[in-house]
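Order of writing sets the chain letters: A, B and C. Residues in each chain are counted from 1.
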Amino acid sequence: MGRLSDCFSEFMFEYDTPRMVLVRHKKVGIVYRLIQLGVLAYIIGWVFMYEKGYQSVDSVVSTVSVKMKGIAYTNEKNNSRIWDVADYVFPHQGVGSFVVMTNYIETAGQKQGNCTKDGVCKSDSDCEKGKSMEGENGILTGKCVEYKDTLKTCEIFGWCPLEDDYHIPDPPLLMAAENFTMFIKNAITFPRYGVSRSNVVPFNKSCIYHKDTDPLCPIFRLGDLVTMAGFDFRKIAVKGGMIVIGIIWDCDLDWSASHCNPTFNIHGLYGVDSLSTPGYNFRFAKYFVEDRTEKRTLMKVFGIRFDIIVLGMAGKFDIIPTMTTIGSGVGIFGVATVLCDLLLLHFMQRRNVYKSLKFKSAEDEGEAQMITVGGREKATRE
Amino acid sequence: MGRLSDCFSEFMFEYDTPRMVLVRHKKVGIVYRLIQLGVLAYIIGWVFMYEKGYQSVDSVVSTVSVKMKGIAYTNEKNNSRIWDVADYVFPHQGVGSFVVMTNYIETAGQKQGNCTKDGVCKSDSDCEKGKSMEGENGILTGKCVEYKDTLKTCEIFGWCPLEDDYHIPDPPLLMAAENFTMFIKNAITFPRYGVSRSNVVPFNKSCIYHKDTDPLCPIFRLGDLVTMAGFDFRKIAVKGGMIVIGIIWDCDLDWSASHCNPTFNIHGLYGVDSLSTPGYNFRFAKYFVEDRTEKRTLMKVFGIRFDIIVLGMAGKFDIIPTMTTIGSGVGIFGVATVLCDLLLLHFMQRRNVYKSLKFKSAEDEGEAQMITVGGREKATRE
Amino acid sequence: MGRLSDCFSEFMFEYDTPRMVLVRHKKVGIVYRLIQLGVLAYIIGWVFMYEKGYQSVDSVVSTVSVKMKGIAYTNEKNNSRIWDVADYVFPHQGVGSFVVMTNYIETAGQKQGNCTKDGVCKSDSDCEKGKSMEGENGILTGKCVEYKDTLKTCEIFGWCPLEDDYHIPDPPLLMAAENFTMFIKNAITFPRYGVSRSNVVPFNKSCIYHKDTDPLCPIFRLGDLVTMAGFDFRKIAVKGGMIVIGIIWDCDLDWSASHCNPTFNIHGLYGVDSLSTPGYNFRFAKYFVEDRTEKRTLMKVFGIRFDIIVLGMAGKFDIIPTMTTIGSGVGIFGVATVLCDLLLLHFMQRRNVYKSLKFKSAEDEGEAQMITVGGREKATRE
C-alpha cells in the first residue's frame, strides 16, 4: 500500500462524487428547475442556435475591380462632344474607389501669366505683392490695373485665364450618366478556411441588378444606384455626391460554400440636401504644349464618388468556441445552486434544518477537536 | 455571537468544502480519469499550446508603397519606342494596387467628329439618330453614308477615328515586362501592443525574392510572380490578369519582435484560361491640342493588376483570455462528474447503494419532518 | 409512484444541494476568502469595469475624402510658375492615400530618339546593343559616339534628352507646401449597431487642427502634420517621405453616440534621417504632340505621401459576453476550493481528520461490500 504503483492504481480506480442533500420542497424545487431551464434555453437556444456559439469566425479578404460602360453627349456653347469611359472615370484602372463625372467647369487653354478677376482696388498699395487670392487662383503681382471700363482690380499671376466656378451648369452636362452601367467583380477569400468565392457567377450578360428580381447580377445602372442611395439623380449630378456600395458576405460554412452569396447595401454619404457637405468635386488638368508654351485645360469635375466596401464574416464549427461555450454554460448552471441555497438556507421557515443537513461542522479548537475525532471514528466505522 | 463583528470573523475564518463519496470502482474510476485526462489534454495541449489560448490578439495596420523598375522596347509598325516606368505603371504614385501594362491597342490622334465603322445600312432610316452604338464608340448621326466601294454604313459622331480593338497583338507588345522588378515596402503596426515592423530589413540590393532561397527579399521579378500565381506569362500578358500578393504577418509577441517577419502568398484571380473573365484591361487617354483642336491618343491597356493585401495577427500573453480559458476549462471538468454520476447511479449493478450514499433526503412534509428532525439531531450529535 | 407523471413531478419539485464540511480554521479560512476576494476583484474590477467584458465589440467601416488647398510659386531658371491643386496632388480625386509634391526634377520636351549620357567607351564593341543602361533610361544602340570634345560614350535609344536626377534641388522648390491645408472628411459606420458618425461636426471654417486647442477641427496645415510626425519640413521636403494619419474612433455606445469622436494619431514612416529609406518619389509624364511628334515632359516628383488609416472599435452591452464572463468567473471560483482542499487535506496537521470528514468511502469488493451495505442500511434508516 505504501508503494507508488499502489498509490497510482488507487488514484486511477477511484472516483469521487459530491454527497448531496435531496430536498423535496415544491417552491425551491420549482425555482431551481426554472433557473436551470432558463440557463439551458439561453445556452442552447440563444448562444448555440441563434448566435452560433459553436462556430469560430473569420473575416474576409477581397479584391474589387470595376468596369464602366456608357457614353454621354454634350452640346455646350454649340460645341458637340462625346464623353466615353476614358473621359469620365477617375482613375481609369478600375479600382474599388472611383469618381464618375456628372458635371464640369472647363477652363481651356490656361497658361502661366498675368490676368485679372472681379474685385476693386484704388492703387498698387491695395494689392500686397505675393499674397495669395481668396479662392486660391494665384498670387498678386502688386499692381492695380484697369480691367473693365474705368474699374481697377489687382493683377494676379497664375494660370490664366482664371477659372470662374461661380456658375455651376444646371441641368448637369452629363445627365446621360444616369444610364451608365457598372460591372463589379469581387473576389473574396476566407483565409482561415481556405474558401474562395466570387460575386460573378454565370449570369445573363444583359442583366441589371435589382434588389428583388435580380439580386446576384453584378451589373448596376448608375441611376438605380443613386435612387437606392436615397438621392435624386438630377440633383446630385449637379454638385456631386458620395455613395458607398457595401458588398456583404455573411457565410455559414457548415453548409456548402455555394450557399455563400453576397448581398449589396447601397447608401449615400454627401448629398445636395445636406448644407455642410457641398457635394463632391475635384480639379484636374490636361497639359499640352502649344506655340512652345505649356498650357493646360483645367477641369473642375463634379461627380459621384463610389466607394466599394467589402464586409464579410464566415462561421464554421470549431471545437474551441464550442467547449468554451459549454464550459462557461456549466459555470452559469452553478449560479442556480447558489441562488437556491440562498433561498433555502436563509428564507425558508425550516432553514436551520436544511443548514444542519447541508453542513457538517469541523471546529478548529477545543471542543471541535473532540467532535471531529468522534466524527472520524464514526466515519471509519461506516 | 450575535454581533456583526462576530458574524464577520466567523465568515472570514470558515471554509466549506463539499463532502464527497469516494467510490473505489475500477470501471467508473477509469472512465472518470480518462475523461479528466481528455479534458486536461484538450485544455493544456490544444487550447493553451496549439491555439495559444493565453494570448489576446490584435490585427495589423499597414501601409504599402511600391516602386517598379525596368524598360521595354517595342517596334510596332516600324515605330521604335522605349517604355519606362512613367509609361507603363498606373497609377504612378506607388500605391498597393496598380496595373503594369503588358499589351496595348493605341488609337492615335482621335478628335471629335464624324466617322464610320464596319456595318451595313440601306437608308438613313436604319440609323436612328442619337442611338449609341454597340461597343460604345459614339452615337449615330442619323445618316447612312458610303464607306467602302459601294457599301453603306451608319455615320457615327464620337472620337474619330474609332478604336478597332478586335485584333489584340499577340505576342504581347511588352513581353519585356517579364523582367521588370517590383520593390515592395510594407510598414506595419500592431496598435494594441505598440509594435512596428517593416519588411525591409538590411538586404542585398541586388537580391530577387525566391520562396526558398531568399524569402525576405523585398524585390520581386514580374515573371516570377506570374509563375507563382500559376499563370503562364506569355499567355496572361496578351489579355491581362489579376494577381493578389498577400503579405502575411503572423507574430507571437511573447517572443522578441525581431522574430516577426512576413511571408508572401501569391495567387492569381483572373487568367486567360477562365472563360467568364476576359483578362484585365482599361482605357485611358493622353490629351493634346494640335492645330487649335483638342485631340487624344486613346490607349486600351491590357495589363496585370497587382493588389497587395496585408494580413496579420499578433498574439501576446494576456490575463483575461488566460483566465477565461481556465474558468471555462474548470467548467468542462464538471462534465466528467455529471457523466460518471450518470454511469454510477443508473447503469451500475449496485446503483441503489451509491444513490443512498450520495443523496441524503430531506422530505418536505409529514414523515419528512420527522426524518429531517432526526437527521438534524444526528447531525448535531456528530 | 411508478408512473411517469410521478417521476416528473418528483423531478420538478426536488432540489439537490451539495453537503459541505464547514471547517472553522483561521489559516485556511483566510486563504479561502482571500482567493475568493481576489477572483471577485479581478472579475468585477478588471474584466467588467476596466476591460468592459460585458460588451460585444464591432469594427469600423469607413470612407475618407480629402481636399487640399494652397498655391505655391516657383522661380526656377527665371521661369516663374504657379502650382495649384491640379498640379501638385496625386491622384486628383481626393482619396485617402495621396502624394503632395514638395520638390521635382523636370525633363521637358522628351521624345523618342538617340542621345548620350556621361560615360566612356572606346569602340562600338564596348556598347552591347539592346542592353539596358544602369539607371534605366533606355537601351544601348550599339554605337560608341563622341559627345564632349573628344570623349566618346555609348549612344542610347530612349526618351531624349535623358533625365539627369543626380542633383536634387535644395532648398526644395515647393517650400510653400508647408502652408497648404488639408480638409479631411471621414464618415464611419459600425454596421453591427447601425451607428454612423462623421468627423465633420459644425466647426469654424477657418480653424486649424491643434492637438490640444482644437482637436476636432478637420483642417490640417501640412507643416503641422510634418512636425507632429517628428520630421523637419525643410529636410523631408527635399527627398520626400511618408506620413500616416490615423483616425481613431474608440466608442462606448452604452453612452450617447454623440460622445463618439475621433482622435488623430500622426506618425512618420520614411524620413530623411533613415539611411535605408531614400525618401519618397515617383515619376510621371505629361504627354503632348508637337510638330506631329509625341513628346512628354517627365517629372520626377518628390513628395510627402499621406496614408489616412481609420481604426475603430465600438463596444455595447451584450448578454452573451456578459454571461460568458460570469460563467467562466464562476468556474475560476472553483479554483479557490481546489487550492484550499489541497492545503487542508495535505498540509494541515489534522489532515486525516478533515479527510475522514470530507470523504465517505465506498469500496468496490469484499469488505467494501459489507461496509457499503451497512452504509445503505444506515442511510435508509436515516
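Criterion: contacts are C-beta pairs under 8 Å (C-beta built on N, C-alpha and C of every residue); 3 or more make two chains touch, one makes a residue touch a chain.
Since the structure is predicted, the reported quantities are computational estimates derived from the model, not experimental observations.
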Fitting on CA atoms only, what is the rotation between the copies chain A and chain C? Please report it in degrees, nearest 5. 120
Equivalent interface positions on chain B and chain C, same or different at half: different
From the mean C-alpha coordinate of chain B to that of chain C, what's the distance rounded to whole Å? 16
Which positions in chain B are in touch with at least two other chains? 13, 16, 18-26, 91, 288-289, 324-325, 327-331, 357, 359-361, 364, 375
Chain C contacts chain B in the complex at 13, 16, 18-26, 28-33, 42, 46-47, 51, 53, 90-91, 97-99, 112, 130, 132, 136-139, 157-159, 242, 244, 246, 269-270, 276-277, 280, 282-285, 287-289, 294, 296, 298, 305, 307, 309, 311, 324-325, 327-332, 334-335, 337, 340-341, 344, 357-364, 368, 372-373, 375-376, 379-380, 382
Note which residues of chain C are touching chain A in the complex, please. 10-26, 61, 63, 65, 67, 69-71, 73, 80-82, 84-87, 91-95, 109, 185, 187, 191, 200, 202, 286, 288-290, 295, 297, 319-320, 323-324, 326-331, 350, 352-354, 356-357, 359-361, 364, 371, 374-375, 378
